[in-house]
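Two complexes follow with chain A in common, the first pairing it with chain B and the second with chain C.
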Partner chain A sequence: MTPQKRSHHRLKRAVAPYLYLSPSLLIIGLLMLLPMVTVIAYSFQNSAVLRRDPSFAGLKHYQAIFADPVFWASLWHTLYFTCMSVVFHMTIGMVFALMLNSDRINPTLRNILRVLYILPWLFTAVIIAVIWRLLLEPNGVVNSILMQMGIIGSKVEWFSSPETALHAVTFANIWAGYPLFMVSLLAGLQGIPKDFYEAADIDGAKAYQKLIFITIPQLMPIIISISLLDFIWTMQVFPLIWITTGGGPIYSTEVLSTYTYKLAFSSYNLSQASASAVVILLISLGLTLFYIRYQKAR
Partner chain B sequence: MAEVILENICKTYGNNFHAIDQLNLSVEDGEFLILVKPSGCGKSTALRMIAGLEDVTSGSLRIGGVDVVDMPPKDRDIAMVFQSYALYPHMTVFENIAFSMRLAGKPKAERKKRVDEIAKTLQLTSLLDSKPANLSGGQRQRVAMGRAMVREPAAFLMDEPLSNLDAKLRVQMRAEITSLQKQLGVTTIYVTHDQTEAMTMGDRVAVLKGGVLQQVDTPKRLYESPVNAFVAGFIGSPSMNLFEATLTGDELMSGTFAIRLQDAAFVRRPSLRTYAGRKVVFGIRPEDLYDSSLESGRKYQTIPAKVTSIEELGSEHIVHLSIDAVRVDSGDPDAVQDFGMTSNAVAKFEPVSTVLPGSEIRLAVDDAKLHFFDPETHLAI
Partner chain C sequence: MRKRHTPKDRLITVALHVALVAGLFFAAFPIYWMLSSSFKSNTEIFALPPTILPKAFTLEAYAAIVGDPVKLRFFFNSYFVAAAVTVLTVLIALLAAYGFSRFNFRGKGSLNTLIISTQTIPPITLLIPFFGLVVSYRIFDTYIALILTYLVFTLPYAILLMTGYLNTLPRDLDEAVAVDGGTSWTALWRVIVPISLPGIAATSVYTFLLCWNEFLFALTLTKSTSMRTVPIGIQLLMGQHAFEWNQMMAMSVLGSLPLLLIYLVAQRFFLAGMTAGSVK
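== the complex of A and B ==
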């Protein structure tokens, strides 16, 4: 091979991987990076989108949303909604996964339960919202059952009362989201060698000790990964809240996503909406970096 | 320390499969007993029943004089070393070894003292803070031993503990486990499918086939006096050659050759005379067949054979042969591997042998070392 041919061959080898990657890089650039950069740019402009020649606004829109008590209420609601959802997704997912993995349950019953438990995953957010709006209606099934059981004295307006609305949407979101944890943890449980439990049996471990010393440590990588992903995803939930409460009543279920949407499409303040979107982006970015670092550390 | 006694132990699964059938076994205090079975026979079942990890269908099981059939594993005063070692990957070596003490609520200082002692015995002191993933196969094996030792049990149960190690390490660990067992003097039941482990490690060896105990004896007696063709074929590597022949007078007739038997053969086995004029199964170990052209083979009578292939191992030659006789299957699934399509006998020749593949030779047979089995029952005559 001549030196010229060799260098040509080397160049080809160096370029090849980038050529293979180029279609996906192009798509990511067009569909993700470009909108992201545009939104960031809007957040620093006056009358973004609405005017042909928007002027530079500096941090004005950020100052405006940080001064808005509704923004802080939305942030708090988002954190409450997200933290409660993730904690309960994990707890319920774990309990159901343990139940489905147990060999003490009759195999037929186990198969039925497996289908039942996974049902919420089959519905889209819109259907889940409609189901829970119907169930939690003042004249709905839930009120009727709770009243018959004597738990509540009068009909509760779950989605319409500022005291209960945030809890109600959080509850609906918990119901909708636990199957991801359940399925992931079940797969994890099935991957734990039986020998570990047998060795622990011989060593005299009780059921709770096996859970604490073997099951949970073995599932920890899954628990952390899925919790982080769930946190990132739940923070951005929009349709469920939009369809059930629309962020109301009196901002009591306003979360960052509905707050941003309203700024953009109700108030047409696209610059402030962009600033709010950038805040969501930064929070998500922080969590994503944490997730990537965790994955790398493993 | 204690003796382990199994009486009429049966294990039947839901589909009526008898994994263990009427197993009677008595393991003395401090004894090292090897339970050996050909591969793929669910051989761990007996051990798992002793451990309490499998229910006993019927029979009695006593450890140290106590009937443990209905006892949970933790109360049986046993420790088990698993084939996979079952080391907890998220715990350090120290935590793995100390796990049972932690469960029992033993104080930290006591745990540390005991684990340090064991680590010293097993040369694990420098590895106590490591995780199992960072250990070599041999080191993991030692940690598994340590975890069993920390409980100071009445009996050790070991389920093919060396099967995940490479051949060289296996030889080393074989010696380590044997000397450790002698040092601790704890009753040990060791399951393996490897007959080399069985022959080299145990005080006694129990051979099982299809859930039925065939013979329990010292390795030497198993080798010299197998009770049936299965044990004869299973113990020894390569396996004993087993052929069908007709006993005519004091000669074994098979195809085109005859082997003359000495009077001693009949004196040792008076019932052999009753097979006169009938078929009989005779067995000869590869090491009792010689190259007749060498000094070592000159004193024996010879039979014709054709060399099909030779494996030169340096210290010896494994010679695959074809002789004019019908080979008998001992029932050991592993034995089939010793024979190719064209050969029906295996011999171990000295490395100075110059026989070549394809050549017709005279095969010297040490007739004093012949074994005889009933052709129907395969029991030793």
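== the complex of A and C ==
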């Protein structure tokens, strides 16, 4: 190669990666970063989106939200919904993964059950919502089974009484989300070296001791990173709650996403909705930074 | 060696199998109930005591869905949008992944962190500015609005997935093309793409699922019945015919078919797509 050709080649190598990345960066920049800036701007404007020349509102919309008891109720419901979901996703996922990984069951049965235990994962949130509405109808099958077993005395309106609605949507979400943990933990269990357990056997360790001192510590990185992701995603859940209860009755299942959606598209208060959306964004960003730091530290 | 077949040991095995059956009931009963209800009449769904198997097996609910052009349109829209987004996402993500995997350049690390962090941006945060944009560019209630917005959510994860896959391929392959005087572009299409089909499959599956499941944007950025997707269609059905539970279940079964089929046919790609971001 002549020196000229070589420098031409080098220039090409230097520009090429940016060219390959440009479509992605263009889309992420224009349709993700720019809208994020826009929503922050909206939250400081009066009549955002609706007016062409909105006036500056300062912190008015944030003050309005923080003064709204429904916002605080939504925050609390989101926290309850999310924490319960993550804890039970993890517990059920772990129990199922340990059961499937046991050498006491025959391999064919294991494979069949593995497919069946993943089932809830294969259904869209809307469909999950519709299924649970049918199951938990006052005249539905769950009430009829529970009454036959004598657990409840009369029909419970799971989704339409304020005492039970939040628990009911949380339960439906727990059912829908454990397979992510199960699949990841199952993969993790298969990656634990067998000699760890053999060494423990020689020392005469009991099954629960092996669980506490080998299995759980070995799975810890997976447990932490999936819990963080699950927390971030569960916090954002919208369709399941929207379809089962719509945030009601009397705000008893209102979460941050339904609260924001209603502000924007039922009351058309897009400025205040933007302020609420920014609050959600900040919470998510905080958790995301934590997640990225954790991933990098590993 | 552990001792087997002691009475205590046998008891543990039995207890484990009881727990497995309980787990199976928990995981599968709701889905079984959906399936069996879709073959029942509306009166039988709420029969007391509940009938586990449909007593009078009927396909009337399915006939009502398949015979209604409005509902078929929901399915067409869902397939069309999901397919379009999948093709675009795979193409664009492939290019970006190739850049990340085969080149060293300034800002690589921070761009990578940016892409990882965009995965967790709450959809509800972007919804309001998207609504503003879509209305001001007059693409409200069109396929373009849905395709563009879905692309933003599928792209980051797809890039990570594809980059991860390309990193597993040996570099000698594309360097051989460079030695022969070929450009990186030729190397990509002649060498990399043909052996990246498993990675492309996993990315496609993931993207398709995300689009098929999407609810919030379809709800807000479309309005006319002819533009609605399956999830919104199910919600509409619930609003209009609140008591046609068998039709809702039939539509849910039909709406779950693509995911179930992908899972059964391509389980490996499905699991790779669903867990790649979280197990790394």
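Structural remarks
Throughout what follows, the second predicted complex is superposed on the first by the 280 of 298 C-alpha atoms of A that agree within 3 Å, B and C clash if a C-alpha of one lies under 4 Å from a C-alpha of the other, contacts with A are read in each partner's own complex, and residues count from 1 in each chain.
As a convention for this text, a contact is a pair of C-beta atoms (placed from the backbone, for glycine too) under 8 Å apart; a residue touches a chain by one contact, two chains touch by 3 or more.
On a predicted model such as this, the values are computed, not experimentally measured, just so you know.
Within the superposed three-chain model, A:Ile250 lies out of touch with both chain B and chain C [touch as defined at top].
When the shared chain is aligned, no partner comes close enough to touch A:Val87: not chain B, not chain C.
Contact with chain C, but none with chain B, is seen for A:Arg13 once the two complexes are overlaid on the shared chain. By the touch criterion defined above, A:Ser24 reaches chain C but does not reach chain B. Contact comparison for chain A: of chain B and chain C, C touches the greater number of residues.
With both structures placed on the common chain, the touch criterion links A:Ile152 to neither chain B nor chain C. After overlaying the two complexes on the shared chain, residue contacts for A:Asp201 are found with chain B and with chain C alike. In the overlay built on the shared chain, the residue A:Pro193 is in contact with chain B alone; chain C does not reach it.
Once both structures are placed on chain A, chain A residues 201 are touched by chain B and, in the other complex, by chain C.
Taken in their complex, chain A has these residues touching chain C: 12-14, 16-21, 23-25, 27-28, 31-32, 34-36, 38-39, 42, 48-49, 95-96, 99, 102, 104-105, 109, 113, 115-127, 130-135, 137, 139-141, 144-145, 148, 175, 180, 183-184, 187-188, 201, 222, 225-226, 229, 232-233, 235-236, 238-239, 242-243, 256-257, 260-261, 264-265, 270, 273-274, 277-278, 280-281, 284-285, 287-289, 291-292, 295.
On the chain C side of its complex with chain A, the touching residues are 2, 12-13, 16-17, 19-20, 23-24, 26-28, 30-31, 33-34, 37, 45-46, 48-50, 92-93, 95-96, 98-100, 102-105, 108, 111, 113-118, 120-133, 135, 148-149, 151-152, 155-156, 159, 183-184, 212-213, 215-216, 220, 230-231, 234-235, 238, 245, 248-249, 252, 255-256, 259-260, 263, 267, 271, 274-275, 277-280. Listed in rising order, the residues of chain B touching chain A in the complex are 51-53, 72-74, 78-80, 82, 84, 86, 88-91, 99-100, 103-104, 147, 151.
Those residues of chain A lying in contact with chain B across their complex are 193, 195-196, 198-205, 209, 213-214, 217-218, 220.
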